[in-house]
Amino acid sequence: MEYNPTELLICIASRQMEDRTSAFIGTGIPMLAAALAKKTHAPELAVVFEFGGIGSLLELLPLAVGGSRTFYKALAASSICDVMEAAQRGLIEYGFLGGAQIDMYGNLNSTVIGDHDRPKVRFPGSGGANDIGSLCWKTISIMRHDRRRFVEKVDFITTPGYLNGPGAREKAGLPAGTGPYRVVTDLALLGFDETSRWMKLLAVNPGITVEQVKENTGFELIIPDKVEENAPPSSEELRLLREEIDPGRLYI
Amino acid sequence: MKVLETGRGELFLRPDPAADREWLRRNKSWALKNKVMDEKEAIEKFVHDGDYLGTELYGTVRCPMSLAREIIRQGKKNLRVAGQGIMEIEVLIAAGLVSKLDLTYLGYEVLGLSYVLRRAAESGQLKIVEWSNAALAWRLKAAALGVPFLPVKSMLGSDTFNYSAAKVVECPFTGEKLCLLPATMLDVGLIHVHRCDVYGNAQLDGISGFAFELARASRRLILSTEEIISTDEIRKYPDRTIIPYYLVDAVVEAPFGSHPGEMYYLYWRDEEHLRQYLEASREPQTTEEYLRKYVYGVKNNAEYLELIGGEEKLNYIRSLAKGR
Amino acid sequence: MEYNPTELLICIASRQMEDRTSAFIGTGIPMLAAALAKKTHAPELAVVFEFGGIGSLLELLPLAVGGSRTFYKALAASSICDVMEAAQRGLIEYGFLGGAQIDMYGNLNSTVIGDHDRPKVRFPGSGGANDIGSLCWKTISIMRHDRRRFVEKVDFITTPGYLNGPGAREKAGLPAGTGPYRVVTDLALLGFDETSRWMKLLAVNPGITVEQVKENTGFELIIPDKVEENAPPSSEELRLLREEIDPGRLYI
Amino acid sequence: MKVLETGRGELFLRPDPAADREWLRRNKSWALKNKVMDEKEAIEKFVHDGDYLGTELYGTVRCPMSLAREIIRQGKKNLRVAGQGIMEIEVLIAAGLVSKLDLTYLGYEVLGLSYVLRRAAESGQLKIVEWSNAALAWRLKAAALGVPFLPVKSMLGSDTFNYSAAKVVECPFTGEKLCLLPATMLDVGLIHVHRCDVYGNAQLDGISGFAFELARASRRLILSTEEIISTDEIRKYPDRTIIPYYLVDAVVEAPFGSHPGEMYYLYWRDEEHLRQYLEASREPQTTEEYLRKYVYGVKNNAEYLELIGGEEKLNYIRSLAKGR
């Protein structure tokens, strides 16, 4: 069955989440991925939005992290402090992130290109990203995969990944055991080596070669001997996405 | 618990709970006084050039737009702003009124970046200090507590910290590193609510965002409200009062006051108008034209609502709102 | 008109509060005093109870600071943190206190007589008293007046008065400009000297002499040249108390 | 920001947000699981000898008495307790189960002192550390925030501080002295609510006391509830959920669970029974007799309600409750 790149990203992201856990959800792909996970392998995944929506059924697609659909038929409509403090207490398992740049340690930039005070490009800023990247157990980044974005050194660490390597998060005072978990791109699924904290290729997307991934990455990736290939979206996944989750095609 | 690091960002407003105590004692009143006034009077009285201003909520949701437009009409200059609202903050920047910004996020989520922020930041015209969403909410919470800072586990290790005005210390109980966020007691806060009485006792439906904290972290507080209700109704459901009257300086009746943003349970966001604004915001000249037409070109919120489509448009966005 | 000692205490306490201010109210005499003030000279006095009741009309007399009557027809039913944080921000003008002992600097003991860990008498403890005495602008104590209670040195400073003299509160870190304001007793109304922070006789109760006050005080009081005499409860005050405020005579 | 002073009181539970994070991750679940059980099962499962336990609210109001009685029946020993509840804490002390107490206030306001506290304290049998009401609520709030302490302006200069486990530091932003209150993450929290669903999503009417904070500052949380409602009802009013389900370990249906205390809008306190208890509590022997009759002598809450007067008494205290 035909599918577009967004549908592929959504399906791969959705497969990263375990059932009966919680995920901090932004609008766009993470939200669709969470909705898909809830309709497939993770019906009791609890979705949490940063301004207070907790446990929505995601029957309606939110357009904004503070919007009314984030708590439509939710279990709680609370506040940003409540939700962020839950994350600070260690209650939120997954967090989704994006950004303009990512480096080999999973540090993310969504603030500026160039000098901070007179930037070449100004991006929106951290928003909740720094909090999510600091406080959730596992963060999943969703990125376009090219050398402008996958860089040796990000211009600005908006959101901490493993900073400059093993132990650096803990040394900075960030909660132990947290950090980047997966990077989902249009080319591949990536993780992080347990010891070196370097980004590691886990699987290529259908039709993509390891070489293509390397060519589009501005730093050296760990390439294991055996690289899996991600399964394409199943017809059931596509049906759910198109007919139930986003029938108005707002995002896909 | 010595200070290990300090961000290089400017602290626009030094936390000073002792001064705030004196100020609040002198200026806040527990009198049950009718505070209803229009946008013009409220902004004239309670917003001043150079003020440090904050708004609630986030994105295009429950935003005090009618108050923001009036600030632009009155040309309040040199504002310092806590940038966790979005659309109402952006129009202030677009009108050239903001000199310094404690920024968390300015953009339109799935609708894309903020052209206004890009121009203001890339030209160097706007001085920006970085924070995270939670950090700014917690800074207001610290002020609401009446203390100079809150310790947190966010911001650590990042450039967001380096370009903030936070500090890192060692915890005297656990030895761990903590980020200390300085309290922000705003000169003036703006919140759009579902309903309140003439004294300012206010109720909100749905998520409360950071309304609770911002209301308590504002020396002056202006509420705009979809509806004014009786004090008897307030007294019947005192557990629904999120913002009590003694925090409030002005009550502005502003139906559809969040337009083009949405208001939970009441009306959906006006996608058509929002896209029109975003398109206009691409270039300085078209931004200026937008402001001329929709802000400077109208006297008040009623004229604005007429201009954006009147009853027909309002009924339409009302019809799109979801109930509970 | 005849009156009992409780009625007198209530009337004198009630006269200490200005209109259009706020007062932290405990159950018992302070609450009746506030209700009386609201019906006489201070109709817009806002009564605040420490577990969250704000702006009650006091139509029904609360039996407990957390009880339902503290927020019956109130303007807000909030939480202890909200109310205490309002006090910490400087929003609460008056606070009422009581205790087993008070000294010349207005320090109060409601914790123990004797050694803390093996006390001769154990009292309830601070409750909200320490917070009220630390954070409100003006505290008003209501006490039985005798030498066991008005002592040179309290066994335990549960609630800070002026500690050991001028400047001591500020030196300890307590908010500037706060502290004991009045002490209302069955014998007299007392205040504190602006300079020395010593307790000072302001007025004797009807029929009480300055000598009697001195005899019943375990430390030296400042006695000004001119000591006023408190007016007895007016017939209107008594009528309000007996017919409107506490018709069931729960307290009076 | 060096430590200038430390109270001499024992810190019964050292704040350790890092350990709490690990524990909560391992033990708390976001699964939508039916958690309804009776008092017996809930206390057996979630309260252990030596636990640090906290309750909500204060006085004789919304107190989880049916849970406290079950703890006594099961003889959970050596409890350390945060003493800001009152009646439910007092009966645990009366039964000899409490070894250490973080105390704010134990007494009956206008009804007088606590004989039970006096005996336990004056005999030296109960180890007491002093705090103020706000301090204990703020200690729970610190734990709810997930941080090791909160800075405040209370407790300073007093013996309440000297006999606490708080610290005084100099503020790195303002130079002023601040009291740092160590966070308290309870082993187990008990809260009595108006209603919740089978998962534990709970609503409260009236003041919320410190339910919000205590629910978030408890590793294990047992709710007793006047009524169990449908999850559809919860989803219709998500803004009424004060305690969300993922914080909750057990839901115990306990109508009149606060007796002899009151429950806002539902029933008034049972003055007759309360005075009977207070009279009994004057002496060890009569206290023991009271416990034998009303606690050990009944199997569960239903039997207790029968014993204290059954339908007739319950209808009476219900009739005294005020509406809104």
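Each chain carries a letter (A, B, C and D) given by its place in the written order, and its residues are counted from 1.
The definition used in the following text is that a contact is a pair of C-beta atoms (placed from the backbone, for glycine too) under 8 Å apart; a residue touches a chain by one contact, two chains touch by 3 or more.
Keep in mind that what you see is a predicted model, and the values were worked out from it rather than measured.
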{"item": "Relative to subunit C, chain with the most remote C-alpha centre", "value": "A"}
{"item": "Interface with more contacting C-beta pairs, comparing A-D to C-D", "value": "C-D"}
{"item": "Intercentroid distance (Cα basis), subunit C paired with subunit B, Å", "value": "40"}
{"item": "Subunit C and subunit D: spacing of chain centres that average the CA atoms, whole Å", "value": "28"}
{"item": "Whole-Å gap separating subunit B and subunit D, where each centre is the average of the chain's CA atoms", "value": "37"}
{"item": "Residue list for subunit A, restricted to those that touch at least two other chains", "value": "53, 71, 77-78, 88, 175"}
{"item": "Shared interface positions of subunit B, touching two or more other chains", "value": "17-18, 145-147, 152-153, 176, 178, 206-208, 236, 238-239"}
{"item": "Arrangement of touching chains [line / ring / star / complete / other]", "value": "other"}
{"item": "All pairs of touching chains, each written as two labels joined by a dash", "value": "A-B, A-D, B-C, B-D, C-D"}
{"item": "Touch list for subunit D against partner subunit C, complex", "value": "57-62, 83, 103-107, 109-110, 113-114, 117-118, 121-122, 124, 127-128, 130-135, 137-138, 141, 152-160, 163, 168, 176-179, 206-213, 262, 264-265, 268-269, 321-322"}
{"item": "Sites on subunit A touched by subunit B in the complex", "value": "26-28, 50-53, 60, 63-72, 77-81, 84, 88, 111-112, 116-131, 134-135, 156-160, 163, 168-169, 172-175, 251"}
{"item": "Sites on subunit B touched by subunit C in the complex", "value": "17-18, 20-22, 24-25, 28-32, 144-147, 199, 201, 216, 231, 234-236, 238-239, 241, 244-246"}
{"item": "Residues of subunit A defined as touching subunit D within the complex", "value": "20-22, 44-46, 53-55, 57, 71, 73-78, 82, 85-91, 93, 137, 175-177"}
{"item": "Touch list for subunit B against partner subunit D, complex", "value": "1-3, 14-18, 145-153, 167, 169, 171-174, 176, 178, 180, 182-183, 204-208, 236-239, 324"}
